[in-house]
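This is the structure I have questions about; it appears just below.
Chain IDs A, B and C follow the sequence of writing; residue 1 opens each chain.
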Amino acid sequence: MNVPSAESAVLQLLDGERIRTLLFAYAFHLDMNHPAQLASLFTEDCEVVYGPGFGAVGRPAYEKTLSGIGAFFEATSHHVSNIVIDFTGPDEAQVRSVLYAWHRYRRERPDGHLWGQYHDIVIRTAGVWQFKRRELRTTGVKDFHVKEMIPIGRA
Amino acid sequence: MNVPSAESAVLQLLDGERIRTLLFAYAFHLDMNHPAQLASLFTEDCEVVYGPGFGAVGRPAYEKTLSGIGAFFEATSHHVSNIVIDFTGPDEAQVRSVLYAWHRYRRERPDGHLWGQYHDIVIRTAGVWQFKRRELRTTGVKDFHVKEMIPIGRA
Amino acid sequence: MNVPSAESAVLQLLDGERIRTLLFAYAFHLDMNHPAQLASLFTEDCEVVYGPGFGAVGRPAYEKTLSGIGAFFEATSHHVSNIVIDFTGPDEAQVRSVLYAWHRYRRERPDGHLWGQYHDIVIRTAGVWQFKRRELRTTGVKDFHVKEMIPIGRA
């Protein structure tokens, strides 16, 4: 194992906190229906992949994707845990986390549940960590409105 | 961004660990039905807000609120994630987290589920972090016995 | 409270990250159905206790226990939060965490849910943290195939 100096270890621990905060800000603004704040968490050239044929390249396209979500759900709750951060450089990291998401629809139908994984690439630009790439892989769903998802690749 | 010195950064990282441990101790003692240990996590002048008209001011009043809970539930499980700590001073922080709570009742009725947010003010007194204020906001519930909750304020 | 030196504090914070990563690796490889990688997270003389009369002593016995799991579930999702690490030495810690696990069966039956606690002893051998002992205690289940579990000991 690469043992960092005490000082660089502290910097990396602080970056870990900031990156986790980024993931939690995403969940918060999604559940609060704050599309502008959500989009600001992504780089201009971001790539977001929610499913096969469902996602966006570039922040403007992503903002468009978000615009329909607010009216679709009555409420959502995104619970992010199991966060593993793998630094690939001083300003870049790969991040894997686990998601449990609950969805209440505006239409009369049962609540939707999703259990999945986020696979992210995050980078630091001008001192701020942002999502460069976010991919949602789905372990399973119950009463969810989306039918085609990216599988986690269980053996 | 305010870049702290290495030493003060370490102190803040340690405080972050202690504050998270406080949140987890609350969940643990609630699920274990340990009202005395629960109450000890709060300051003497604490304010606890579980809903409109449901809460307590001061630790003695909070202990009274807790006394009925043990007999009401057969079991509960509180899952706390998405913790964001915002230090407002060396001995004070605002904390936001996300809760998924499962409840099994003693009475014959379906399990209750709650998805919500905790909004806390924590302070350090004599070296120990405690809740000064804890507010539960509710994103949604399913088969839960409480009907009136504080909403998260989704846009 | 024992206040560590800045340097030893940093080492302990780093160890905390590594131990959490160990818990998350367990959940990941379980959900991905990677029995060999799962077993590698345990010491040779490990003890795994999933329930009364269900568990294993020693890594070979544990690997045997794992072999049937892949075929039994269509999918699982393990969400680990509320992690509290108590260092009992420079290379040993007791760890308590909370689990929400969702299970989809291959057989036609409702999804199984488990809410519980992990109680672990982790040790560092040759620089790597591993589980020496892992015990699952169960707060409650819904439509789960296992009937006898170790209770959390709610008062």
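Operating definition for what follows: contacts are C-beta pairs under 8 Å (C-beta built on N, C-alpha and C of every residue); 3 or more make two chains touch, one makes a residue touch a chain.
Since we're looking at a predicted model, the values are computed, not measured.
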Interface sides of chain A and chain B: same vs different residues, half threshold: different
Copy-to-copy rotation for chain A and chain C - C-alpha atoms, rounded to a multiple of 5°: 120
Centroid spacing, where centroids are CA-atom means, of chain A and chain B in whole angstrom: 25
Set of chain A residues in contact with two or more other chains: 6, 10, 13, 79, 81, 100
Residues of chain A that touch chain C when the two form their complex: 1, 6, 9-10, 13, 16, 79, 81-84, 96, 98, 100, 115-116, 139-140, 142, 152-155
Interface residues, chain A side, partner chain B - complex: 6-7, 10, 13-14, 17, 21, 23-25, 27-28, 31-34, 70, 74-81, 100, 102, 104, 111, 127-128
